[in-house]
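By written order: A, B, C and D. Residues from 1 in each chain.
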Amino acid sequence: MNAILIAICVIAGIGALAALALAIADKYLAVQEDPRIGLATAALPGANCGGCGFAGCADYARALVEGTAAPGACAPGGDAVNAELAKILGVAATATERRVALVKCGGTRSEAIRVGDYNGICDCAAAAATAGGDKGCRFGCLGYGACANVCPKHAIRIEDGLAVVDKRLCIGCGKCVSVCPRKLIELVPASATIHVLCNNPVRGPEVTKVCGVGCIGCHLCEKNAGGKEANHFTFNGFLAKVNYENPPTDAALADKCPRKCIREDAHFETGN
Amino acid sequence: MLPKQTAERYILSSSPHAHADASTSRIMLDVIIALLPALCCGVYFFGLRALILTGTCIAACLVTEGLCRLAMKRENTIGDLSAVVTGLLLALNLPPDLPVWMAAVGGVFAIGFAKQVFGGLGYNPFNPALSARAFMLISFTGAMTTWSSSAWTLSAGSTEAVTTATPLALIKKGAEGFDWSQAALIKDLFIGNVNGCIGEVSALALLIGAVYLLVRKVITWHIPVAFIGTVFLYAMFKGGVPPLVHVLSGGCVIGACFMATDYVTSPITAKGKLIFGCGCGLITMLIRTAPTGAYPEGVSFSILIMNALTPLINRFTQPKPFGKVKK
Amino acid sequence: MKTVQSAFKFHGGVHPQYNKDLAASKPIEAMPLPKQLVVSMSQHLGAPAKCLVKKGDAVAKGQLIGERNGFISANVHAPVAGTVAAVEPRMGPTGGWVDAVILDVAEDQSGASAFMPPLDWKSASREDLLARVNDAGICGMGGAGFPTVVKLSPPPDKHCEYLILNGAECEPYLTSDYRTMLERADRIRAGVEIMRKILNGPAVRIAVEANKPDAIAALEKAFADIEGNVEIVVLPVLYPQGSEKHQIYATVKRIVPEGALPIAVGCVVENVGTVAAIADAVEKGIPLIERVTTVSGDGVVEPKNVRAPVGTRYADLVAFCGGEKEGVRKVISGGPMMGFNVPNLEIPTTKTTSGLLFFTSARVFQYSSNACINCGRCVRAAQKMDVMDCIECGACSFGCPAYRDITQNCRRAKASIRAAAAAAKAKAAAANAKK
Amino acid sequence: MRYLIIIVGAVLVNNFVLNRFLGCCPFLGVSKKTETALGMSGAVVFVMTVASAVTWCLDHWLLAPLGLGYIHTLAFILVIASLVQFIDIAMKRFVPPLHAALGIFLPLITTNCAVLGVAELNCKNGTPFIESVLFSFAAALGFGFALVIFSGLREKLAWADPPRCFRGIAVALVTAGLLSLAFMGFNGLVKLPY
């Protein structure tokens, strides 16, 4: 009995001493940190995708609390996370529409010509720097997967020499947009269904020489979608572009495009 | 629809568009050629059995390499001959009387566990043949330290007790009164008329191979010279057994010229190679001369340990860029 | 004037097969004018020139059609008399699309040319000579195409002590510099005198690789009675001996600091062809409108050294050399170590096109990269370890037994570092603008 | 000489990680980068040396006289845990970058069995004070030595391309096994006092 008591006392004594030392250390050596940084970091999805322009979620959280960034930049988190962040920071939330990446090229291996046999590292920028790339169209997707390699969600895959985005997995971080040497990836509203899959603004004859599905700027889509007043399409040189402020919804437009570059199936979705 | 292709397509690639007559398989072939004299010596001294063991090791390595690549669903790399080199080196480091199945297990370990686990050639941190040898030494200690009685023709001052021992085992035992400095002994050690592993006995044959590799610029002089030099100096300062006996016995020459110089597991720069070689020599002698040590020979272990240090050596011996101003 | 052996050898380097004998013995031949020329506005390193003509304009030979546009840029002149058929983007040898003047060559070339008045370099002022180099659109003809006027105007706090003439021509197959030294040694001498005057009398070192003894002899003859500190330095045969910084080390044993230009150690390096072009520009008033190009390789019927107007399409050039052989798989603009692959023969020559090589499948290796075996050959071949200082000489990839694309990876890394730096700069500028 | 043998024995021959298999958690956890490995080694050397001194005193002057040898494990854990916590606080205050780099592994020294192991070994062998502190110091050095070597290997492994099933920690364990195999060459190099 006595032995047990001594043991208990000794252990308790050591414990009390240690606790005292730690308490003193905590008081005099502690580092102050804004608790909101921790809260904001926890609220963010932790994907560390960098889409907000910061080096990861923690970095963005710190910038938010320091006031150098505003909520609303987190694409993966969407509205729910942004509202949560606004609540933590005590500011009004701004709603954002979900955006997904779109590869504006339809030139698969069976549709667009290749002018050489590329032999080198499998990367679009490297291929583009080698004699301008092996694709006949100098605006088209090279298909060496630079976008797929940077995608944090593995939402891009290369099919038949062409990058395609998985609409369901894409978080709209925009990494692929900046890495593409041909600058043909764009973030578009997820709700839009009709897209122009071409990025070549030069004259028709030049386009048809290199690609079977390139836009020649015939304006037929505009005509079919209610003319210029309907404002569903804009044009850059000889290239049509969907006006994503006011996107068309008529599926028949795709069938009526003589070059088959207006498409409804621009994305794939997992599960389909 | 695909537009009509107008002209024949050219190959597009980045400069340089010329390439030296060098390839991985050519380098490996050179190593194999360089090891042939040693193999021939082994067969001459230990008989056909040495050849059977060598064949077994190479076959085991090749089969394992092929199966691993198949299982990993990657391209077959038997053609780069690196598995043949591993098998050959492993065989040359085995006692000639080892059971054949043990040699096969060693080959499987070398390729399976020391190489393909890491993704194949170029990624393994340790020399596969040496890893396998160390593994076998610990797993089959008896068989790995039993020596053939066919060779070892030491005449002067010998006793029956030494007929089945290697020179290094004798050194470890501290054979009193043995005259280490006799010329006949040095000659036997140099020619290979002693006991030991299949390929390590003849320093002459190994040096011929090493010279071939140096001439072909497959290896540089740094590691072999640093390795053997360190062993020599250590033995000289330690006294007792003549330094030349230490250099010529055991796996010192084959280790310094063929195992330590393995590209994948040794440092890149000349400075790094010198450090690597010195380290190998030092650890070898530490293990060899420790009176209580468990092993009479330390070459394989020393190279393995220095293999482990290679990334750090590389890190601290990065070359200075041409034109770089010292800050 | 004396000839000395180079005493300083840089570490590393490689020994490719030179194959210069294919075209070395062929004297420079002027080629008949093609029907059309494609004169790119980007003939040089730096910003493209500003186009001064439009569709339908008639131009005279030597007329200024592109104006220097920025500090690092150069003038472009009409190589022949003709009519502008179009001004539109065309692919250049490096794969980029730049505005080019498509010129229909006039059948009658006897009309007056728009050359500049000849200058006597002995009586002309330094400034006039420098202005002439600028007006004539001279840029480095060795490969990179750095505008010469920039090199010849060192910053006020720097003095040029050595003018180094680069006649190494270490690239395999190429012989255009070699033939120039052999046939136009007197023009090179005149150019040296002019440059010496512009640079306030530096010592001159002429660097030639030891495998060109007759070029050395021709230079010795031409320079025999020159005054002042002039030496021909015979370099050991080693690639990349022609690289500026290596040459400076091999001739005067100075090391150019990382990221700096040769003038930082008091040196100016100029290709021999460029020097001859300077002589023509000053003494005859001819702008840089033609150059010698080596057409060689096992895929061309008759290897030649051709003097062709700038803007000649590769197809015309090879037609003059008997055409392509069957089974050509690779066409290279420049040398095999640093040149650019081209996808078709519609691409025009520029002021920097030193060679055009055709290789059949017998010479072309199509490879797949294997795992690095850590052999260290690349490290031994290369001198630059900092990627931003990589000169893309290709020596590392050349000797790689695993056929890895080391040079291409360096090039990509450089591009991405530059892009990142530019992006950071833009971001900082935007942030500043916001404030 | 005896001290030298203790050091060589603890660093090379009976390396805590590679031979006694103690402290494997931080060995695998903090070895991805050489810088962190160096930091961790420093922290462990410090903690182990101080901890062994404290536990020796505790054992000899408090527990042994009171006949409480049977609770020394409990007491040691208590002391070591507080010590580590104290270092954690101090490090966060004075060297925040190192603190951030070590992350969760600094508190994990608490449960690093090498620290407790060395205290237990000293206690069991009845080592004198100086020698037990030296032994702990050498053991920690050996731990750090193995950790730094292993971090070098793992930095190289980061570029390797192992088959899918071996990626990550699996291939690291294989490497650790081979490293341990290599260190077996030191067997019997010195006659160990303990």
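Quick note on the criterion: a residue touches a chain if its C-beta (ideal position, glycine included) is under 8 Å from a C-beta of that chain, and two chains touch if they have at least 3 such contacts.
It should be emphasised that the depicted structure is a prediction, and the values quoted were computed from it without experimental measurement.
A.B. asks: Weigh B-C against B-D on C-beta contact pairs and write down the one with more.
C.D. replies: B-C
A.B. asks: When the C-alpha atoms of chain C and chain D are each averaged to a single point, how far apart are the two points in Å?
C.D. replies: 61
A.B. asks: Taking the mean of the CA coordinates per chain, how far is chain B from chain C in Å?
C.D. replies: Each chain's C-alpha centroid was found; their separation is 49 Å.
A.B. asks: Using mean CA coordinates as chain centres, what's the gap between chain B and chain D in Å?
C.D. replies: 33
A.B. asks: Nearest whole angstrom, what separates the Cα centre of chain A from the Cα centre of chain C?
C.D. replies: Going by mean C-alpha positions, chain A sits 43 Å from chain C.
A.B. asks: Touching at least two other chains at once: which residues of chain B meet that condition?
C.D. replies: Expected reply: 9-14, 119-120, 123.
A.B. asks: Can you list the chain C residues in contact with two or more other chains?
C.D. replies: Residue numbers touching two or more other chains: 340-344, 366-367, 371, 405, 408, 411.
A.B. asks: Among the residues of chain A, which ones contact at least 2 other chains?
C.D. replies: 115-117, 119-120, 126, 129-131, 134
A.B. asks: Graph shape for the chains shown, where an edge means the two chains touch. Line, ring, star, complete, or other?
C.D. replies: other
A.B. asks: Help me check something: in the complex, which residues belonging to chain B touch chain C?
C.D. replies: So the residues of chain B in touch with chain C come to 7, 9-20, 22-24, 26-27, 77, 80, 82, 119-123, 263-266, 268-269, 318-325.
A.B. asks: Mind listing the chain C positions that touch chain A in their complex?
C.D. replies: By the definition above, chain C touches chain A via 91, 94-97, 340-344, 366-367, 369, 405, 408-409, 411-412, 415-416.
A.B. asks: Along chain B, where are the residues that touch chain D in the complex?
C.D. replies: 68, 71-72, 113-114, 116-120, 123, 125-126, 131, 134-135, 138, 283, 286-287, 290, 292-295, 298, 300-302, 304-305, 307-312, 315
A.B. asks: Show me the residue ranges of chain C that touch chain B in the complex, using the header's touch definition.
C.D. replies: Checking each residue of chain C against chain B gives 10-11, 14, 16-17, 172, 245, 255-258, 260, 328-332, 336-344, 357, 359, 364-367, 370-377, 379, 383-386, 389, 392, 394-395, 397-403, 405, 407-408, 411.
A.B. asks: Enumerate the contact residues on chain D facing chain A in the complex.
C.D. replies: Per the stated touch rule, the residues are 58, 62-63, 66-68, 71, 74-75, 78-79, 81-82, 85-86, 89-90, 92-93, 96.
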